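You will see subunit A twice below: alongside subunit B first, and alongside subunit C after that.
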Partner chain A sequence: MLKKHPLAGFSLFGIILFILSNRVDELRVFQGATVAIYVIAIASIILLTGYSGQVSLGQGALLAIGGYAAALARNHWGAPVWLTFCIAVLAAALGGYLLGIAAARLSGPYLAGTTLALAIGLPSIANQFSIFGGEQGLLFDIGAPPASLGENFSQYKWYFWIAALAALIAIYWLRNVMNSRYGRSWKAVRGNDVAAELAGINVGRNKVLAFTISAGLAGLAGALLAMTISTVSPGAFPLALSFSLATGAVLSGVTTLGGVMIGAVTLVAIPEIVDTVVSRFESSESVANNLPGLLVSTLLILTVLFVPNGPVEQLRTRREHRAKK
Partner chain B sequence: MIRINRRKLALTSAVLAVAAMTASSLPAQAASDPGVTASSIKLGITVPMTGIASPGYNKIPGAMKAYFDYVNANGGVNGRKITLVIKDDQYIPTTAVAKANELILKDKVFALVGTLGTASTKAISASTQLAKRGIPSLFVNTGFSGFADPKGYPTTFSILPSYQMEAKIMGKFLKEKYPDKKLALIYQDDDFGRDALAGFKQAGVTFGTYIPYASGSQALPATGAGWISKLKASGAEVTVLFGVTSASTAALANAYAAQFKTQWVLGSVGGDATTIAATNKAYVPLLYGAKGFSFAPAPTDATDEYIKLFQSIYSAAQPTQTFDNNVVAGMSNAFLAVQALKAAGADLTRDGLIKAVETKGATFASPFLTPLGYSATSHVGATGYWIGTYDPTGALKPDGGKYTVYTTDSGNGPVVESTYKRPAMPAKGLPN
Partner chain C sequence: MAQFINMLLIGIGAGSIYALMAIAMVLVWRSTRVINFAQAGMALLSTYIGFELVQKTGNFWIALPLAMILGAFFSAVIEILLIRTLIRHSTSGPVAGIVPIIATLGLLGLIRAMIGFIWGNQDIQIQPPLSKVGFKLGQETIALSPMNLLVLLTVLAMVLVLGFIFQKTSLGLSLRASAYSPEIAQLAGIRVGAIRTIGWAIAGAAGAAAGLLQTVNGTGAVSPDSLEFSLLLTFGFIAAVIGGLESLPGAVLGAVVLGLVLACVQIYISGTFVFVVAFALLLLVLLIRPQGFIGTKAGRRA
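Right, the complex of A and B next:
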C-alpha cells in the first residue's frame, strides 16, 4: 500500500502509534517522544551527509538554535505552541543558511572541523547574554494538554503526540523532497560534483539549500527536545549529543531515509537494555556506567565494517543482486 | 529503489516501534504511594557518574549508600530498609530528565534525593512535574536560591546555603580582615556569579578589579593566564574566586607559573582538593594558605563525632576510596534523608514526608555546624559558613583552631556570628 499511497501509509502508521500511545505506560510514551525527536534529527543528518555529501558533526548546535528560538518566542511574545515550532525551524534554517554559505566552500575534514567547532562554541554563547539565562537556561513550557482530551491525559502523552506528528509530517515531506528534482540534484552533487556541474546543476546553491533544509529540521528537533525537558540550557546540547546523532545516522544508513528509525530506537533503547541487564547481574558501577557507550561504539564499528550503507540499503542491494541472478 | 525503501521504512519502523514500546509493560500502580512497602523504601538519585563533571561528585552516591546500608543493618527506618537506585546523568539536563523518568516511572521510587546541578535540577522538576505529582526531591545539591522557595518548588528541599548567603558572609569577612587591601574578584558570568555579585553588593564590598569568565572557558589555558596578567596589572593583594573547581585550578596553576603572589579566597564550590587532584595531583599544594568556606565539619577533623562515625562506616564500605568533602556531603545528605523519613512516621506518604521536613526539619540532628533553615516558607538547608585556611594537603582547617560560624539569609538580613551549638549526635549516629 505504501508503494502506491505513501500518504495513506504514513497515516496508517500514525494511527498505529496513536493506538500504541494509549496502551503503553508513561515511560514508554516519554521514550517514544525521544525516538520521534531523534528520527527528525537523524533525518536532518541523512539529508545533509547521505544526500548532499556534506559532513556535519555539529548538528547539536543547530538543535540548540531551534530550542532557544522556541523558548524565547514562547517566553517573550507568548507565541502559541505551533508558532514556536515554526519559529524554531526558521531560526535554525537561517543559521543553517549562513553556515551553508561558508560550508559550500569547504569539504571533507575541513567542513567536519568547522561544524565541530560550532557544536562546541555555540551553546556557550548562551552564557554571554543574560537573555539566554546562562548555564541554568530558560524554562520552555508548552502548557498542559487541552482539557478536551480528558483529565487522565498525561503531559508526556501530549509531548509524544506532538513529537510523533511532527516526525511523521517531517519525514513524509522530506521523502517527497528527496524524490524531487532537488533530491536528484543533491545525489548528483554527492556522486561527482564536476559531473553534476556539467549536467547543469548549480553545485554551490544546491549545497546551501541542503544545509538550510537540514538545519530547519534540526531546529524542529531542538524545539521538541526542549519541550520534553521543559527547559533549554547550554548543557542540554553537549558535543556528545552531536556525536550520538551522527552515530545514529551511521547506524540508520546515511544514504537512505528508510532506516531512520533504526538509529533513533537504538540510541534510546541501548541505555535501557544495559540498565536492565546490569541490574540482573550485580556488576560494578563503572561497568554499568560505561557499558552503553561501549555497546553503541561496537555497533558503530560493526556497521561500518559490515553494512557501511546501513542495514536497509544492504538488504536492498542483496535483493537486487538476487533478482539479477 | 525508493519504492522498496518505502515499504522497508514502514515495516522496520512499525516492528521497532512495537518492539520498543511493549518490550516491558509494567503492573499497575498500587493505591498507596509508590516506592514504599511494609519492609522497604526506594529512593532514587541522578548524578554525573561519568563525563567531565564526574570527578568528586561520582563518590556521592557510594557515600550515601554506605550510610543507608549502615542504617539498614541497624534495623532500618521504622522497620523499612532503604534502597538507593543510582542513575548516571553525565551532568546533561536532557539525560537527567530521561533518568529521573526511569526512576519515577520504571523503578517507582518514593522520592528523589541529592539531585546535582542547577540546570539538571530545574529540568527534572519542570519536565517530570514533581510538584504536580507530589514527588519529594530531598536535599538537592545546588546553591541556586530558587530551590529554597516553596512557592516555585513546593516539593524540593535544598541542602546548601545559597550562593548569595555565601557572598554576604564572604563580604563581611573581607571588610573585617582585609580593610585596606586591594581586592579583586574572579567570578563565573552566569546566575551562579550574579547571585554572588548581589551578595557582595549587600555586604557593601567593592572590588578594584572584576574578572568575569564564561562557564566552560576556564578549561582554556589562555583564560587562566589572562586572569593573572590582569591581577598583576591591578596589583591585587587579595583575590576572591567565586567559581567552579576547574576555575580555581586554572587560577592557582597560572599564578604559580607566573610567580604571582596574592591572598586567595575561594568560594565553597571551587575549593575541593579531590577535584583539583583529579586534574593534577601536583596542583593540590597550591591551595596552601588560601582561605576557604564550609558549613560541614572538615573531613580531616578526627575529633568530630560525625566525621569519626562517617569515616568508620565509609572505610568499611569503600576501602579503596579516600574520605573527603564529597563523601561527607553524601553521607550528610543520607543522614538528613533518614531523619526526614523517620520524622514522617510509620505511615509513610509523600505528602507526610514533605510536611515532616517543613515542620520538624529545623530541629533535625545534622553534622552541619550551622542551624538548618527548613520551614513551611523556606526550604533552605544549612544557613551559614565557617572560614578556614587550606593546609599543604588541601585540607581546610578552621581559623583560630575552632569553627566560628556566620549565618545570614538570602535577603537583606545581617550577617551574624552564630551562637548555634550543634546538638550531640544521636546514639550510634542513628536518628531516634
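Right, the complex of A and C next:
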C-alpha cells in the first residue's frame, strides 16, 4: 500500500506520530522534534550527495543561514510563523544557489574542503556583525501554541507538531522530485557526468539546482532547530553539527531516501545511550564528554568500510542477489 | 613602513606553518589520492605527545623531533590499518568518491575523542622555549621574536630536507614515480604499497611539526576541540589547493601567498575579514586557475 499510495502512507505515518505524541512524556516529544529536524537536514545532504554525487561538509552553515533569516524576519518585521519558515527556505536556497554556482565546477575532495571551510568560517563571520547579535545571537520565539489546542498543550508538543509536519511535507515533496525528470537527471549525472552530458543533460545547471534545493531544505531545518532552542547563535551551528549531519547521512545511506530515519534516530539516540551508560556506571566527566564522539566516529568508519551504501541499499542489493539465485 | 615590514614578517611566519600542513596534505594526496581531513587530528595528537615529552624532558628541542617521529609512526599505522582496508574494500559507484572523505572525517572525530579520554577536555599549556618579545629595530619593536625566527628557520630546514629527499635520493624518486603512475612504478620494481606508507609517514611528521610549532608560536594552549587546529587544517587545505595539490613547491608557495594575503587583510583592513578573504581566495583560484599556481592543465578535472 505504501508503494502504491505514498500520500496515504505519509498521512498514516503522520497520524501515528500524532497519536504517539499524546502518549509519551515531554522529553520524548522534544527528542521526536529533534529527529524530525535531523530528518530534513539529512535528506538535504542525501539529495546533494546521493543524487548528484557531490559531498558537502558545510551543511551546518546553510542551516545557520536559515536560522538567522527566520529570526531576523520574526524580530524585525514580526512575520507570522509560517512565513518565517518560508523566508528561511528562500534565504538558504539563495545562499546555496550562489555556493552552487562556484561549487558546481568542483568535484570530490575540492568541494568537500571548500564547504568545510565555509562551515568553519560562517559562524565566526556571524559573530562580527551587530545585526546578528554577536556571540549571544538572536532570540527566535514562535510564541505559545494556539489556545484552541487546549490548556494542557505543551510548548514542546507544539514544536514537535510543527517539525514533524514540516518533515513529512519535505520528505514527501522530495520523494516526488526524485521521481521526476530532475531526479532522473541527477541520477544520470551521479552515474557518469560525461555520459549525462552527451545525453543532453546540462550537468552544470543540474548541479546548481541540486545545491539550491538542498540548501533550501537545510534552511528549513535550521529555522526549525532555532525554534526548538528559541535562539540562533554561532554556537548553535558548530562544526560538530555539520559533521553529525554528514554522519547521519552516511549511516542512513547516501543513495536512497529510504533510510533517512536511521541516521536521524541514531544521532538523537547516541547522547541518550551515553547518558544511560554514564549514570549506570557513575563514570567520570571525561567519559560523558567523549563517549558520544567516540561512538559516532567508530560507527562512521565501520559504515564506510562495510556498508558504504547504507543499510537500506545493502539489504536491497542482497535481496535482489538472492532473488536472482 | 614599519607596518609594512610587520605585515611581511607576520605573513611569512604564519605562512611557514601553513606550509608544513599543506605539505602534509599534498604528500597524502600524492600517495593515496585522499584528502586527509584527519590531518588536524593527527597533528593534535602529536602536539599532545609533544606536550608530554616537554614535561618529561624539559626541553622543547628534544621533544619536537621525537613528536615528529611518533607522528610519522601513527600516520603510517593509520595508512596500514585504515587506508589500505579502504582501498581493498574500494567500491565503485556513487559513493566511491566520498568514502575516503567520510573515513578521514570519522578518524578526525575518533582521534579527538581519544585525546579527550586520555588528557581531558581542558586546555593544556605548552611553554614556549624562547622569548616571544619582538626584536628591536632602532626604536620600533618589530613583529619578529626569537621564537618566530626559530619557527621560521625550523620550517625552512624541514622544507630543504624534504626537497633534498625528493630531488636527490632514490627514495624521493620512488615517491615521485608512485605518485605519477602507480602501475608503471610497480612495473619498474618499486614497492608502491610501502612507498605509500612512507608518504603518509612523512606527512605525519610534517603535520606534527605544524601542530607543535603553531601551538608554541600562538597562545601555547591546546584542547581536543581546538578551533586553532580546525583553522590550521582549513588554511593548510586552502594553501595546498591554491598551490596545485600535486606539487610540494606549490604547497609552500600557496602557503606563503595565503599567509601574506591574510596578514595584509589583518593589518590594513580588519582581523574579522581574514576568513572571508581566505575563502574568497580559494574560490577565486579554483575558478580562474583550477590547476593551482604550480600544476599542469591535465592535473585534474575539477
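Following the convention adopted for this analysis, the second predicted complex is superposed on the first by the 325 of 325 C-alpha atoms of A that agree within 3 Å, B and C clash if a C-alpha of one lies under 4 Å from a C-alpha of the other, contacts with A are read in each partner's own complex, and residues count from 1 in each chain.
Rule of thumb we're sticking to: a contact is a pair of C-beta atoms (placed from the backbone, for glycine too) under 8 Å apart; a residue touches a chain by one contact, two chains touch by 3 or more.
Worth saying up front: this structure is predicted, and the values here are computed from it rather than measured.
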Simultaneous placement of subunit C and subunit B on subunit A, clash or fit: clash
In the superposed arrangement, which partner chain does A:T34 touch: subunit B (first), subunit C (second), both, or neither? first
Taking the superposition as given, does A:R105 touch the first partner, subunit B, the second, subunit C, both, or neither? second
Applying the document's definition of touch, where does A:S11 land relative to subunit B and subunit C: first, second, both, or neither? neither
Which holds for A:N202: it touches subunit B only (first), subunit C only (second), both, or neither? neither
In the overlay, answer first, second, both or neither for which of subunit B and subunit C A:N290 touches. both
Answer with first, second, both or neither: which of subunit B and subunit C does A:V304 touch in the superposed model? second
So in the superposed three-chain picture, is A:S124 touching just subunit B, just subunit C, both, or none of them (first/second/both/neither)? both
Comparing subunit B and subunit C in the superposed model, the one touching more of subunit A is B
In the superposed view, which residues of subunit A touch subunit B and also subunit C? 124, 128, 289-290, 293
Which of the residues in subunit C end up touching subunit A in this complex? 29, 34-35, 37, 82, 85-86, 89, 91, 93-95, 97-103, 105-110, 112-114, 116-117, 120-121, 224, 227, 230-231, 234, 237-238, 241, 272, 275-276, 278-279, 282-283, 286-287, 290, 301-302
In the complex, subunit A touches subunit B at residues 2-3, 6, 9, 13, 16-17, 20, 24-28, 30-32, 34-35, 124, 127-128, 133-137, 139, 141, 155, 175, 178-179, 225, 228-231, 233-236, 238, 240-241, 256-262, 265, 268-269, 272, 275-276, 285, 288-290, 293, 312, 315-316, 319
Quick one: in the complex, what on subunit A touches subunit C? 49-50, 53, 55, 57, 102, 105-110, 112-114, 116-118, 120-121, 124-125, 128, 190-191, 239, 243, 246-247, 250, 254-255, 286-287, 289-291, 293-294, 296-298, 300-301, 304-306, 308-309
Across the complex, what residues on subunit B touch subunit A? 1-10, 12-14, 16-18, 20-26, 49-51, 62, 86, 88, 90-94, 97-98, 101-102, 105-106, 117-120, 122-123, 126-127, 129, 144, 188-192, 194, 214-217
